[in-house]
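These are the structures, in structure tokens.
In the two assemblies presented below, chain A is common to both, partnered first by chain B and then by chain C.
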Partner chain A sequence: MSLRLVRIDDRLIHGQVVASWLRAIGAQRIVIVDDATARDEFLREVLTLAAPEGVPVEVHDVASGAARCSELARTPEPVIVLARSPRTMLALRQAGVPIEIVDVGGMGAGPGRRRLHKTISVSPEEIRELRELEQLGTRVEIQIVADDRPISFRSLDSGN
Partner chain B sequence: MFRKFAAFGGCLALALLLAAALPSVALAAGSGTSAGTPTITVSIWQAALIALGYYLANSPWLFGLAFFTIYRPLVAGFFVGLILGDPAQGTLVGAAINVPFLAFGSYGGTLPIDPGFAGWVGVTLALAGHLDPATAVSIAFGLGLLGTIIFYTRMALDSVFAHWADARAEKADIAGVALMNWLPGQAFLFVASFVPVFIFALNGPSAVQDVLNRLPLWGVNGLVIAGGILPAIGIALNMRFIFRGSAIPYFFIGFILMTASHGSMSLVVIAALGLALAYLHLSFVRRDAPAQTATAATPAAEGARPAATAVPSTEPALRLTRGDLIRSWALWTFFAHANYNYERLQGTGFAHAMTPIIKRLYFTEDEIRAALKRHLVFFNTEPNFGNVVHGTVIAMEEQRANGAAIDDDAINSVKSGLMGPMAGIGDTLSQNTITPILLALGIGIAGGQAGGTTVPTLSNAVGNPLGAILYTVAISVVIVAIGYTAWMQGYARGRSFVTEILRSGTIDRVLIGAGVLGNMVLGALAATFVVVNLAPTVNIAGAQMNLQAAIIDPLFPGALALGLVLMTWWLLRRQVSPLAILAAYLVISILAAYPFFGPGQKNAGDYSYQACTSSLLHQYSPCGAPPAPTAQP
Partner chain C sequence: MRSFRIVIAGHGTLPAALLATAELICGEIGDLAAAGLRPTETPDHYAEELRAAIGHGHRRVLVLCDLLGGTPYNVAAAICRRSSRVVCVAGANLPMVVEAALADGALNDQLIERLLDVGRAGIVETERHRARRVS
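So, the complex of A and B:
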């Protein structure tokens, strides 16, 4: 299993990912799956250049991202997969990418969103999408930085 | 909302209870022997100044630099020393406490540990309680964990004030939004940080000393031993960032230079050597960077695209002045984290910084309201290098006010798209590279020269306040320079500045050079602050000799300390949690001080230096000799 960290983070590559996760799990490649980012040449370049030297960054839309992630899952190279939203993650899972654990690392607050845990906020749709991921056999966990203890989504999602 | 207040109340009560519990522990322990220890007094005024210092360390009032300066135990130690009348010893203890926190960083609303609390309270306890600096290191780690309660309470409560700012924005009240970004949050923070530290400073020293007096001697020794072992965790955590690839040998060079010179080589000399080697490394050793994958994926012309596609050809009617830009930058630099909270992180700080821009560009109530609301949303970046986002956004606002077709989505997508990557680069630069290296340098200078013995120990070192002062000046200049440049260049050139600076490879070169320098300094620091002293003796030609002094150190001075650091680094690489390592090292230190092999060390009166060979580790080297008191100049 070389998809070492499969993470939902609306800021994609940032301090938590570069400073904490990348070092902690020794990842050698970052794969970003996001339709809008894949279309924006400027953001694509910024993200590619924002990772530390020696860590290649790929930006894919959902269709090519699913194929690429499935391919990488079969290689021994340790990889971080980043997506902005539960929806993208669900699409990857439904396209057959073998995802054992989805890490929810960054979902900011906004209108119509309620706080789930610390900096993590969710909309009702996203809650549904995360539940669907769990139904497909993927564990959903909140773990903002590598040194945090992971918290299961299920334990926070009681009752609503 | 009620839940948040309840959480806040609970946390504050817990902090107060813990603080209040100390004096009662002291009373319970009060009858214990306190032979020969001077009485301790921290006056009310001194306690208040120390508490104020800790508040300031968390506040925006020092041009946003508090986080990089007085929040660090090295600098806090200097100021506590000033307040209590011994800045040299304060700096020394602060430096020692700082080593385990060397790799401290806070990313996006996470705080693993609070070095500010550890520094301000830890140094107070050490100075007023006449503790061995190594004991202070052990105690300070616990304090650092306690301090995070204040941070997390504040992160939860400040979300409420973000909604107060929303209400002001709804009324198009620019000054009101600015006020909500600092007044309520800071009023709360003042109480939440001042009160516990005041109580700790006033009552803590005698309480801690009474507890220590009640401990068996091996327990006290265990804390001193732990004080020599815990720094390995800070150094190893930092090695995760820089101990890589072709930079690895420099760590050993730094370590060996320090041990081979018996700790007498100045860290400034080692750093100068490190700079020279960094230059050589960049010139000769580093293989050419692989062609950046980005350029393959992106047409080269793309980066030079201006931020807005539709700039009116006529001279814009509304122009921002240089003063507006500087005011906006200064507001951000001061107040970015004044109302830091879980919900929006720096959102209200961003809106606050935009107030001079909004005042200049927008006049109708609708425009002002829309602009305030636009910038009150979730935002988080590294607040110095990340300023390139603000500069870019300000340029977009200016074009928009002059009629360019830039909608909210365009501005939001630049903010939310750039803030992450810029934080990734900014954190790597400022929190993971520049700060630890300068800190290590300052700590090395502050640690001073050991007096007398061949192997330096904290107990007989003389502190040098210059270490704290030079660090403060250096980090402040670097941070302000990065922040100002990023802000102004972001405004003037926007996206093309971002792509240009990333493509140029300058940042990579800085990071690689800093990696060489950082490894040298870190190695040297490991040689000074990581202390492992074996107690057992061996029989050599009929004489009982200390195992370490007779056999290990002559072969490779400091081999045990180096081994401990490398083992810690390896454990961290194996994803063992730093807190688990910390707990294990504390337990091992105290067990290793227990007299398993010989006469017990019940209390100070019974203690004879022959008895030290009865434990596994000993606090001073070589086993048996107490540290010679330093001659007063």
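So, the complex of A and C:
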């Protein structure tokens, strides 16, 4: 199982991922699964250039991302998988990608969203999707940077 | 586990802001102090402040300064000349602070070289960066 970090982060690649997680995990590759980014050549390039030299960035839509993640999960290569939303993560899980833990690392505030923990906010729909991930046997944890202690989603989910 | 202390030295609120910003990226950073030179502060007074931030004892201390030739650097460089346990670097930027904060082990030549490399590697102009990386 080499999907070392499977993370929901609406910023995809940014400082915390590059400085904290890449180092903590020793990841050699970042796989982004995001339909909108996969369609946008400019965004793809910006994200590719945001990673340090020597760390290749792959951008996939959900369909090809599921196949690629399942394939990488069978190799020993340490990989970081990033998706913007619980919905994409749920789609990957439902497509059979083996995901033991989903790390919730970045979900911003906005209208219709409530604060779950520190900088993490969720919409009612996302709460449902995160619960569904747990029902499929994936643990959902909040851990913003690698040095943080992970906090289980279940302990924060009040049930409404 | 990092075995040395870090002090960020610089003008005004920059050191405190650099520390707070690095913590946004790395999480809480232990054994790191910020010493900002206030506009009315004399170099002598700042030297006292910086020496207090560096602390006593025998541990090695990395002083990251914001500007080569500025008072914080000049004061830090003078301390460093007199004390072989203090290493002073100028031109510190956020990548360097993060690299130092997350470093493992001792403050040795290899780490100092890496810090300088990381600091330089983080300075790019988008078009040139793109031309170099995209084939």
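Criterion: the second predicted complex is superposed on the first by the 159 of 160 C-alpha atoms of A that agree within 3 Å, B and C clash if a C-alpha of one lies under 4 Å from a C-alpha of the other, contacts with A are read in each partner's own complex, and residues count from 1 in each chain.
Going forward, a contact is a pair of C-beta atoms (placed from the backbone, for glycine too) under 8 Å apart; a residue touches a chain by one contact, two chains touch by 3 or more.
Because the structure is predicted, anything quoted here is derived from the model rather than measured.
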Which chain makes contact with more of the residues of chain A, chain B or else chain C?
-> B
Considering only touches as defined above, state whether A:20 meets chain B (first), chain C (second), both or neither.
-> both
What is the contact status of A:148 with respect to chain B (first) and chain C (second): first, second, both, or neither?
-> both
With the two structures laid over each other on chain A, which partner does A:67 touch: chain B (first), chain C (second), both, or neither?
-> neither
What is the contact status of A:118 with respect to chain B (first) and chain C (second): first, second, both, or neither?
-> first
Have a look at where A:57 lands relative to chain B and chain C in the superposition and call it first, second, both or neither.
-> first
Touching A:44 in the superposition: chain B (first), chain C (second), both, neither?
-> first
Those residues of chain A which chain B touches in one complex and chain C touches in the other | 15-16, 19-20, 23, 45, 48-49, 53, 144-148
What does chain A use to touch chain C in their complex?
-> 15-16, 19-20, 23, 45, 48-49, 53, 144-148
Chain C residues touching chain A - in the complex, by the definition given at the top = 24-28, 95, 98, 102, 121, 129-130, 133-134
Interface residues, chain B side, partner chain A - complex | 105, 107-110, 112, 155, 159, 240-241, 289-290, 292-294, 297-299, 302-303, 305, 342-345, 377-378, 380-382, 413, 416-428, 431-432, 495, 498-499, 502-503, 508, 511-512, 573, 575, 577-579
Where on chain A is chain B touching in the complex?
-> 9-20, 23-26, 36-37, 40-54, 56-59, 106, 108-110, 115, 118-119, 121, 144-148
